[in-house]
Every structure is written in C-alpha cells, then in structure tokens.
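You will see two complexes here that share chain A, one where it goes with chain B and one where it goes with chain C.
And then the complex of A and B:
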C-alpha cells in the first residue's frame, strides 16, 4: 500500500501510515521513546527534548539519484546528529536508533537539566507513583547531578489558578501540555506562560480563575505534579488507590471514568471516592472528561444520604426495617392497583427501569408509568433512525456534515461539544440551527439563528429546501446549509429542546428523521456515522425509552394497545384523587415545581438518595444506593450500553433501586428477585430485542485502543486509565436492518411575540440535589440569571446586576440580570432555575426588584 | 478606554490583518502609551476589543520586554549591559546614571520622569555605552552626553504632556 511507510527502529522493521511521528511509530512496536511535552492528542512542539533520537536517512548518489549501498549490500545511511522523535515524521528507509550512546547521554542530560530546578518533593507530591518525570529519571537519569543547590529556585508552591486547580511552580517543567490542551482541544485559552526562562510561570487572568469546564484534564496530562485539583490534592498516594470502572452519571454522553477509592481513617474507616479520572474509550470520551464529571461525586458520600427506610407514623417519618417498609409499600400498591402510578427519572440504570415497569405492568396491572419530567421527545424516532452502530464522531471528516438543532452542547453534553468542534476543525461542515449564539458558532460552516418561537418552522423549511435539487443561492444560509447536509457523505444530527415545548421537540425529531431519510445520493440512515443523536437531559434517558418507561410503549418500543396515563395526567390525577397511590423513583417532582403537594394521594412512596421535597411528603421513603455503590448499565445518547461497577460499599442500609423494586414486586406476586444485576440484565436481553446480543460479559469486552496512553510505559503515567472493563455495545437502529417509513410530523403553529420572549437555557453547573453537595464547585454553580442583549436591556430600562422578577404563566422567579454583548437581540435567556420553569419559548414579564449595586455606588 | 478614544486608529490597525487577533501587539503598544504601562485593566481592554482571553494578553506582555507590567516613568531608559557593552563600560555607565538620577535599576525617579532598566543586546555593540529611551537609540554615551540628554528630556517634559507621535508610529507600524 502506498500510504504506508517502512522504516527500522533499533533494527526492527515497521510499516506505519505516512505522516506518523517517529515517537508514535516506535510506540506501535513497543519501543519506548520517552516524552514530556509530546502528547498524541496534541500538536507536537518539540520543547522538552527528552525524545532525542538518532535518525538516519538513506543516501543517494548525487548524479544518478540511485540509493548508495554499503559493501554488504545494505543501504548507506546518513545520520545527522540527534533529532526530536516527536516532531519528525517517518520516511521510507529511515533508520532510528533509540538506545545508542549519544541518545542515552542526551536523554540523561535533559533529565539532569529538568531536575536542576525541580524540588524533588516526590514524597509529598500527588503525582508521585504515577509521575513520568519520576519514572523516566529512575529509568534514564544519571543518578548524579551537577546542580548547585544554592542556586535552586525557591518559588511559589501553592498557587491557586482558580479554586479548582493549584499550580506548584517549582514542579513545573514548562512542557505547555496544559496550555496547548486548553487552546487546541477545548478553545479556552485561559492559562498561558508568563515571562521567560527561569521566570516562566503559568498564569490565568480569567474570572473566575482558570475558567473552563475542562480544567481537570490538565492535571491528568501534566507529566509532573505541577497541576493538581483542589479535590484530590494531598488526598492520597496513587498506589493506595483501588480503581473501579464507572460511567459518568451526569449527561447523555456516557463518559467512561475510573473512580479511585481508598479505605481511610479520616473518613471514619470507610472506603471513599478520592478522585474520578477518565477511562479511555476512543468512541465515547477518548481520554477526557469535563469538570462536572470529575468533581460532582461527593453526593455519594454525603452525610445527608438516607440510610434506612422511613415510614410515616403519627405524621412523622420514622426509621423502619426493610421488611416493614416493603410490606407496607407492596400492600398499599396492591390495594390501589390500576389507580397506582409510577414516575421515574432518566438517572436510573436500565436494570432499575426495567424492574420498575415490570412491577407496575405485571405486578400491579397498572399502565400509568412515565418519566417524572420528560423534556425531550423522539425516542421512538431515534430507535429507527438513530446513529448507526459503530458510530464514532472521530471518524467524521471532510465531506461529512453535522447538524445541531436547539441545543447548546457546551452546557448540555460537553464531550459532544468537544468532539463536534474537533470534527469541524477536521473539515466536517457544521450546521447550527439555534435560537441564539452558542459556543459552537465560531466553528460552524452555517449558522441559522431563528426568530423566537420559529424553531420548528425553520427546520420544516430546511427539510423542504433539502428535498428539492437546489443550486444554493448563496445569500440564503438555510438553502446553503440544506445543500451541504444533503450532499454530505455522512450526516449526524444532534437535537435538543432549548426553547421548544415537549410537543415541538417531538415534532422536531420527526422532521429531522425525515431529513435523514431523504434519498439523494448518500444514505443518511442505517449506517455508522449517520443518523440522529438526541441530547437527552439525563445519563440514561435513552435507557428509559428502551426499557419502556413510557405510558404508550413497553420494553423494546412495543406499542401498547391502550396507553396508560402520562406524567402530566398523573400529576393532575394526584391532585384530583383519580390517582390514589404514587411511586416516585429518583425524581423530585415537588422540588422541580411539577407537583404542588401530595394532593389527594392516599399513598406516596419515594425511593431516593436524599430526603427531597417530594420525599419529605411521602408515607414511605426507601433509601437507594448511588451509582458508585452498585452495578448497572446506562445507555448513552448514541445508544451505547455501558456497564458501571461498584466502587464503594453501600451507604447505610441502602439497596440498589432494581433490588428494592424487585422486592416490592415479590410481595406483589412477582417471582423472587434476581440476586445480581447481571441476571436482571439477562432478563432485559430477553424482553428488549435491541439488547438481545448483550450480556454483562459482552459489555465488558475490550480491545486495544490507540493512542496507547494508559499502559505500562513510563511517560504517559497518570493520563487516563486503560480500559479493561468494557467499551460497551451500541444497539442497532431499525434502519440498519430494514427500510424505515417517513414520519408524520404534526403541524404546530409557530408563536409570535409582542414583548421580549423568554427561553430557559441549561447550565452545566446548574444547582441541584447532586451538584450542591460538591463544595469544590460551589463557587461556580449558576444562580438564577437572566441574560439579555444591551439593546433589550435598554428597552426594558434594566441594567446589569439588577435583580429582576421574571413572571411566566403565573409562576415567577427572581434572577440577576446579566447584560451581554454576545446575547441574541430580541430574546431573553433564563438559566440556573429548576428544569421545566419555562416551557418552550414563552411570553414573560420582567420587573426590577432590586436596583443594581453598580448604579447605586 | 482606548476603544473609544482611538476608535479610528484601532479600526485601521485591525483592518490590516487577516485575523483580528493578530492586531494584539500594536494595540498593546497603544494601551501602554495611553496608560503608561500594561495595567491589568489595559490588558482586559485589549482582550475585549480583540475577543481574546485577557490571559493571552498577559502572556504576551510577559514575554516581550517592551511591555511594562508595573508603572514606569515618562522616559524609560533601557541600558544594554550585555557582554560587548559591558566591555565598553556599560556597568559603570548604569551606576553613574542611577547616581545622577538618585534612583536604582527598575525604579522610577520621584518626579515620575525616568525609569532605568538594564536590557540584553540591542544590536548596537559598536556604539556602547548606549541606551534606548522610549524606543529611540542614544549611542556613544558618556557622562556629559547623558547630562545633555537629561536636560533635553526635562525640557520636553515641561513643554508637552505626551508625544502623539507614538500613536502615529503604532498606526504606521501596522501598515
């Protein structure tokens, strides 16, 4: 093959793709060329020089151009001193020496130089034990130093770059990996070098300091202990930690993570999570996670957790035994049977959700189950035209297109934002159809910002334009975008529900399904790297659809002949008395403002981690285990089913959700509960056709991934965990095995507004039951904020910093006004309030409550 | 705010680059001229104009020796004391200059007029001792010539508050 280049490294012949760097080529055949500044996910810079190797190139006769040969017939090579293996690309016939005397001397010299201003405080350093500098010094260092100890730099060792990341200036070896990551990978250039030479240091001027959702990743790729998180800093030594594979429970991306745990005296002898780090899965999160995934885990070990079942006696919730509580719940539910209803959340595992619907449908004969807060529609569309199995956003490139509609990926699913951004940089045509500016705009080929309330109509127009053969009229962004999309070889469409009502989001999914189904050269459904990706609100909203947590669908999208009641009807029924008993699992409808009180319910049971507002009103409260204490599976927005494993022991007497539900079920006449989550999953695989090829063993399968950064080498230590616990399996969308019909998308009248319309936007650090407990991100939690453009602020006669009363449909909330030149004119955005406060794009009233202090001063 | 005061100039400078952020160095010179040094506020202003993070501006001002992060006098005298200049008496010249102005290296005289700094090679070794005063070279110096220079600058300082020619230079530089 012509795009392969053959070279020899230390006498071993290897063929690698053209353009491969010498350091990577060596890594492929397990020959180690040590590196500090180089990282396979970053552009090479050749700054640290530790990868110096001898590189020889075949010599040619100047006159004839023939290759020169030695007497023994081997090609004559010309070695020209030492070169950096991380910046030189391979070429045909190249010979590399990685262990010759000059190389060893150079390597030793670089290490000696780096150590000349290094504190060697390894015994107290967080990185000690998984530190590339420590490892390489042990392997290649000289063992002696010419360092003049009186000249050792004594500089600041505890520099907070914001409250999440600390810099130890003495340990920094100035490789710039952190700076390059922030600039190249995540476009947040908020840390930089300052000054030169021995005065060089890493600085930030953003407000708050190191203002980025990605800051924790820099501590992973830091090859020394210069950057540490305030969460893990001085928390434990790496060799004391026990790793447990997990899946991030915060968003639909499903990042693979590893929880590092330790049993320790300061936590009262309990085993606790000390840190969360990425676990490599090149098809999902590569080797990165966002800071929410890294830092929001303290809820699992919070003293506020429920520890025992509670039963209401004489108006008070009092501790009870499991048997007493389960008997009571089963008895009450059986009493009300079809007048019982169940509400669950998309945070629960597939095992929990399957058991939940089984309890209601089989155990009680009630069809009234739903998600407590269904914000985004289209699950049944995704089941047909969702992205094909084998999809990996990393495979998209020139000639392909990505469409993002009504979603701010940076806030809702940060890893998807990063991967879409990188795809755009590789040449993918990115088309954005949103109601406002988002962080993706600067990478987009076409950005269409529709008028408030016109989102669905805009997609309808886009679909219309895509259907006809158009030579795009350049002045119409939408027509140009339609042409790009339809002509793309591969097309992935993300959709969310920002500014849309549930019904609108449902219609949106159908329209996008139809767009993907247009046959015009390339097939955009039923293949890998083509199809829909819903930006669900929770980590397992997809699983909730798959398991049949829906009044109209059973497991595996089996349509029910007579649907049960949906969440809205259940809330109404609770108020009116039509619903007599309600079982709420992992959701807080009262706290979220979906349900005012317990209404006329005669029985309310809540299964939770915490005593939420809903739980406080319940007759029985059942303590569930958090995701860190138990096994389970989540299905991400790309329909990848992924396993997570127990990391810490159960908190108090809490039990896994599926087990509690099965124990209630047993008392309500169902069979004995399965004794392991894996057996629950076997039951799922039987009932849900899409899951039939899966079991806990297949989900745990792994294969070798590239780049190889989690392995045993001495220089990518502490980067990310190697994935030894499962890459997950994507289930096949219907379009992959047969033809799919077009969808009937209902017509929904677009809204028009006389005054400034309002939408609710999602914030990564929205405050909530789980996020509030992680003190480390407390300062970054978003308080209620109303964002408007300067023009709109002037029209409303409001100024930056005012406290404004925002009234929508009879409800109101107080929010701080932020006037931003980046805000879209003619639209007010509300963030940091409970989900579901504003439905779709709504008319609102804004009244100043407190005048800005800035004006008073 | 330089954004308002020099709106036209800034527009002109930005227009000369294919990418807006490339205008950062001339705008930093402009800000430094306006405020006397690169204060944190000045950095934020430049960043705001060019859609950069202020950290990026801070990094540049730290890298280049002609941006001052601390307040300096009206006239900054950067005396080269690198090897070649040192051989021609640069160190003694620095001592003399400090004594004469009753100040130390990197400090500013009480009247706010002069700051003496020592710098690496300015490329005029054959004419040492030499210094660069507000970007202008003064060469083949001795005590007498230094006295004349001080007298001239003190006179200039009284007659006009700020030389607009630097703004012109900055605009011209970007051409």
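And then the complex of A and C:
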C-alpha cells in the first residue's frame, strides 16, 4: 500500500501508516518508548520530554536529490540530537535509536527532574503498584538521588476538585492529560492549569467543582496518583484486587468494564466491589466510561438488599424458604393460567428474559407479557434496518453522516454522545432533529429544532425532501440536512423518544427506516456503519425485544397470531380484575407511577433486589442477584451481545433471575432448570435465529486492539483496560441478508398547543432505586426541575427558583423552576421525576407553590 | 587393662565436672531467659513519642508476607480524628499468628518502622480465631507524655505520612 511508511527502530524494520507517531510505531513492534504526557487517545503535546529518542533521516545529495550511501551501501543518515518520539511523525527511511547512551541519559535526567519535586509517598498513594512513574523510574531511573530531600516542594495534598475527584498537588507531574481529556475528548473544559512554574496547579472552574460526567476517566489516565476518586481513595492497594470483567448495566451503550473486588473486614468479611474501571473495547466504549457507570455500583453491596424470599402471611411479609415461596408462586400462577400476566424490565439479562417468556408462553399458556415501561418503539424495525454488523462509530469520517432524532445523547447514553461528537470533529456531517437544544448542537452541521408536537411531521418532511432529487430548492436547514444525509456514504441514525409518545416513537422508527432505505447511490442499510440505533431506556431493552418480551412477538421477532395484552392493558386489567395474577421482575410500576396499587389482583409476585413500592404490596417477594453476582449477557443498542461475569458472591440467599424463573417453571410443568447460564444461552441460540452463531465461548473471544493499552506495560496508564474476557458479537440485521420492504408508518396527527407545552427530559443522574444508594453521587442527583426560557418564565409570571406545581393529565408534581437562557423558547422541560410522568409532549398547567427566596431577599 | 581404667576415670571426671556446674535449664515459666536483641517474636505496632501511630496502613507488610498472614485495611485520617501522620491510617490490622513464620519481611517492608518483631514468644491458643491478633492487641501502649489516638490536632501539623528522610550525602 502506498500510504505505508517504512522505518527502522533499533534496527528493526517496521511499516506503519503515514502520520503514525514514532512512539506508536515503536509500540507496534513491542519497543516501549516511555511516555507520560502522551496518550494514544489524545493529541500529542511533547510536554514531559521522557520520550526523547535519536531520530536519523536519510541524507540526500543537494544537487541530484539522490540518497547518499555509506561505503557499505546502506543509506547515510543524519542524526540531529534528541527529539520527542510522541510528536514526530514517521517518514520513509527514518532510523530511530531508543536505547543509545544519549537517550538513556536524557531519560534518566527527565525522571530525576520529575522526581525532584515528586513526593516519596508511594506507600500511601493509591496509584502505587500501577503507576507509570513508579514503573518508569524502576526501568530507567537512576536508583539514587542527588537532590536534597528537604528541598522538595511541600504543597497541598488534599484538594477536592469536586466531591468526586481529589487532587494531590505534590504528586502532579503536570502532564495535562486530565485537562486535555476534558477539553479534547469530552468538551467539558472544567479544569485547567493555573499559575506557572513551581506554582503551577490544576484548578476547577465549574460550580459544583469538576462538573463533568467524565471526571473519573481522568484518574485512569493520570500517570501518577495526583487524581483519585473519592469512592476508591485509600480503598485498597491495586495488587490486592481481583478483577472481574463486566458490562455496565445502566444504559444501552453497554460499556465494557472491569470490577475490582476485595474481601473486606469492614463489610463483614464479604467480597465487595471496590472500583469499576473501563475495559478496552474499541467498538463500544474504547477506554472510557461515564461517571454513572463508575460510581453507581454500591447497590450490589447495599445492606437494604433482599436476602430471603418473603411471603405475605396475615397481611405481613415474612421470611420463607425458597421451596415454600416457589411452590406458592407456581401454584398460584397455574391456578390463573391465561389470566396471569408478566412484566419484566429491560435491565434483566437475555437469559432471564428468555426464561421469563418461556415460563409464561410454554409453562402457563399466557401471552400477556411485556416490558413494565416501554417508552421507545421500533424494535422490529431495528431488527431489519439496525446498524450493520461490524459497525464502529470510530470508522465514520468525512463524507459520512449521523442523524440524531428526539434524543439527548449526553444524558441518555453518554458514551454515544462522546463518540458522535468525535465523529463530527472528524468531519462526519451531524444532523440533529430535536425539540430543543442539546449539548450536541455545537458539533452539528445542521440543527433542526421542531415546534412542540411536530417531531414526527418534521421527520416526515425530511423523508419527503430526501426523496426529491432536485437541488435548487434546498435553502432551508431541513432540506440541506436531507441532502447531506442522502448523499452520505455511510449513514447512522440514532433515535429516542424525548417528547414523543410510544406510538409516535414507533412511527418515527418506521420513518427513519424508510429514510435509510432510500437508494441513492449508497446503500444505507445492511452494511457496517449504516443503519438505525435506538437509544433504549435500559441496558438490555434490545435483548428484551430479541427474547420476545412483547405481547405480539415471540423470541427472534416471530410474530404471534393472537397477541397478548400489553403493559397498559395489564395495568388496566389489574385494576379491573381481568388480570388475576401478576409477576413483576426487576421493575417497580407502582414506584414509577404506572400502576396506582395492586388493584383487584388476587396474586402479585415481585422478583427484585430491593423492597420496592411494588414489592411492598406483593404476596411473594423473591430476592434476585444483582448483575455483579452472576453471569449473563446484555445486548446493546448496536445489537452487540456482550457477556458479563460474576464478581462477588451472592448476597444472602438470592438467586439469579433466570434460575428463579426456571425453578418456578419446573414446578409449573416445564423441564428441569439448566445448570448454568451458558446452557440457558445455548437454548436462546436455538430459539432466536439471530443468535444462532453465538455461545458463551464465542462471546468471550478477544482480538488484539489498537491502541495497545493495558497488558504488561503501563505507559498509557491503567491496568484495567486489558480485555481478555470478550468483545461481544453483533447480530445481523435482516437487511444484511436480504432485501427489506418499506415500512407503513401510521399517520399520527401532530399536536398543537395553546399554552406552554411540556416534555420530560432524561437526566443521567436521575434518582432511582439503584442510583440513590451510591452516596458519592448523591449531591449530583437531579431533583425535580422545570426548565423554561426567560421569555416563557415572564409569560407565566414565574421566576428562577420558584417551586412550581406541574399538573399533567390529572397527575401533578412539584418542581423547582430553572430559568435558563439556553432553554428553547416555547417549551417547558421537566427532569428528575419518575419516567412515566409525561407521555410525549403534553399540555400542562404551572402554578407557583413557593416563591423563590431570591425574590424575597 | 590400665588403659580401660584410665578411660573410666576420665569419663567419671567429666561427669563429675558437669554435675558440679550450675544447670542450663531454667524453671520456665517462673523463670525466663532473656532473648537476643535480634530475636523475632510477636509483632508490635509502634507509636511515635507523641503517641501517634506509626502505621499508615500502606499494606506493604501484607504484600511482603510470604505466608499471607497479614491483613490491612486503610481509611482516611482527618485532623479531627487523627490516628497517624498523613492521610492514611490502618483501620483494620490483623496478623494470623498461626500462619506467621516470623521471617521479619514485614519489618523490612515497613516504610515507617511501625511493625517490629519484638521479644514475646509466648504464643499459644485454644482455638484458631484467637490466633488472629487485631490492631488493638498489636498496638503498643501510649508512651508517657504522649496522647492516645484518635485525637484532634491543629490542621496542617501532621500532613505527611512518611517521616522526613535523610538527605543524600
């Protein structure tokens, strides 16, 4: 290939793509050029100088331009002193010396310089044991010091940058990795250098301090122990921790993580999760995770967990044995058979969900199963025109396009936000069609903010415009956007359900499917890096579709002849008495406001981690294991099936969800439960055609990833990055193996509003059963907040800080008013309330309850 | 014949000589023999003269221990509740004396000379659980003029974990 450049490093010849930096080229042939400030995910800056190497370039005759040769025929090289290997790009014929005497001396000198003001407190430092500075000093340092110890800088060692991240100023070597990460990668420049020279320090400029969803990543890439998280600070020494590979259970991105666990005396001798760090998967989360994934894990070790089955006796929930509880559940469900219904959550694993539908469909003959709160439609559309297998958002570049509709990725799926943002910076045309401003607007080529209630109409227009070939009339944003999209070589479309009802989101998926199916030179379906990505509300909502947790679809999207009842009908049936028995797994419909009480149900069984509001009303409560205690698989929004592993022992007598369901099934006449989750998955692979190539072994396969972080060397920081436990497998959308017909999108009348319409927006740190338990993020949890623009606030005669009563369709909630100049005019946004409060865009009434203190003062 | 007689007399003389010597054995446990200064007996966690604990909970002793006898858990110090200088102290410190082989590696690993193998060798237990020595059993008494831990101190007075080192010569 012409864009390969060949050079020699320490006498070894290597060919690398043009533009590769010398440090990276050396890494490819396992020659480690030490680095501190350089990181393969960040732009090089050449600040720390530890990567100094000798670089020789071939000499040419000035007159003829020919290469000069030595007597032995080898090309004559000119070495001009030391250069930084992290900033120099390779060139043809270059020769690099990484182990010569001048290089060794320079390295030693840089290390001596860095250590001249670095404290010798490795024994108490959280990075000690996995510290690049420690390792490089061991490898290249002098072993003794010429510096006077009492000349060392003595500065603050306990500087909270926020309540999540602490800075030790003494340890900082001023490489600026953290600052550059915040600026370049996540566009949250909330920390920066202050002052110069010996007084240089890192300061935060946000209120609250270090206000970013990504702050934890800076502690991973910090090459010393200057940045630590309040969660893990002094928690354990790295060598005492046992790693376990996992998948983040919080959003549809499915970030690969590593849980570090340790047995602890303060936890009564239990093995507990000490920290969660990213695990490299270049197709999913690269080497990053958001702070929710990092800090919201304490629910697994919470003392509030259910430990034994509970049975209601004389109106009280009392502890019972598993056999007693399972017999009771199976007996009751069999009594009610087709009048029984099941509601599951998108947080459960594929194994759980498959066993759930099997229990109902095969064991009880009931088709009444659904997700407890289905907010986003279009699963069957995704099965056909979802992104092609092999999709990696990192592969999108110039000439490609990404469309994001009705979703705020920054709050709903932070890693996708980051990757879409980075794609836009690489030259991808980003088109946003949202009801309001979002944090992606800054990076978008075209932003269309539709009027409240007009979302579907706007997409219909976009689809219409995309079909028209003429170019002359394209003057408005939407038309220009349509042209960009349709002419793009690759097109990925994200869609969510912000401000849309379920039916609207379902229609949206169909319209977007049709948009992707327009053939105009490029095929936008059935190929890698093309297709639809739904921004599901939960980590395994995709798996729930695949496993057939749907009243109308069986496993593998097999349409049922006679559909069962959906969630809304089940709730109505429970109230009216048509549904007699209800089995709720991993969901809290009462707490979420979807179900008022148990209605006329004669039997309610809840399978949960905690005694939720629904569980408190149940006849039987079954304690389930959290994701950290068991094996399983999640399918992410890109339809990548990923495996997670047990990290800690089971809490109390809890059992995995699939096992409980299988044991109920056994008592209801199904076969004996499988011995292991892997066997459950084999059963799934048989029943779900899309999964037929997969098993636990293939899901655990790994291959070499670039950049090469993790492994034995720690130059790029963080020993948790190494992925030895599986990259997952994407299942093929229907469009990849055959033609797909256009979808019939129903006409849904757009709403128009006389007063200020209201939508519900999602917040990353929304309070909930799982998030409330993590004390570290308590201060960042979003309380009910109503956001309006100053103009709307003036019209409603409300002011910033007022407590407002928001009434929608008979229900009401009190929220604090935030007047923001960034808010979209003509739209009120409500965040921090239960997910079922507002459906779509709704008319609402706003009444002041408490006047803002600011005004009183 | 005479040679045999001499041999018997020699032997008896040796017996007589030894019989007249004072005995080597002592009346243990009433009497105890002093041990050598370098004897490695039961561990002690030392304190500074002011009463502050030397142990900073770094767990290097546990890392060095060849028989995995030591278990350490650290927590964060504050000026209101200070146990040791610096930010970190050992909130849990346990040594399983049944596992310990008294090799003294922990002593070598300790950056603050907090753990010292002292001269107590009377270690016997009726059950396995009592072989686990906890921090309060290992920690030495507060020296005279010292103060017990945890204690409240002036902010900024004890902010370094590792005592000042001697400058290189």
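In this text, the second predicted complex is superposed on the first by the 849 of 857 C-alpha atoms of A that agree within 3 Å, B and C clash if a C-alpha of one lies under 4 Å from a C-alpha of the other, contacts with A are read in each partner's own complex, and residues count from 1 in each chain.
Here, a residue touches a chain if its C-beta (ideal position, glycine included) is under 8 Å from a C-beta of that chain, and two chains touch if they have at least 3 such contacts.
Since the structure is predicted, the reported quantities are computational estimates derived from the model, not experimental observations.
> Between chain B (first) and chain C (second), which does A:193 come into contact with in this model arrangement: first, second, both, or neither?
A:193 contacts chain B only, not chain C.
> Check the residue A:205 against both partner chains and state whether it touches chain B (first), chain C (second), both, or neither.
In the superposition, A:205 touches chain B alone.
> Residues of chain A touched by chain B versus by chain C: which partner has the larger set?
Of chain B and chain C, the partner in contact with more residues of chain A is C.
> Just checking: does A:265 make contact with chain B only, chain C only, both, or neither of them? Give me first, second, both or neither.
second
> Enumerate the residues of chain A that count as touching chain B in its complex and touching chain C in the other.
none
> In the complex, go through chain A and note every residue touching chain B.
Touch residues, chain A against chain B: 188-196, 203-206.
> Help me check something: in the complex, which residues belonging to chain C touch chain A?
Answer in residue numbers: 56-60, 62-63, 71, 73-76, 86-88, 91-92, 94, 111-112, 159-162, 164-168.
> Would you tell me which residues of chain B are touching chain A in their complex?
40, 43-44, 52-59, 62-63
> Okay, in this complex, where on chain A does chain C touch?
119-121, 123-124, 128, 144-150, 154, 157-158, 233-237, 239-240, 264-266
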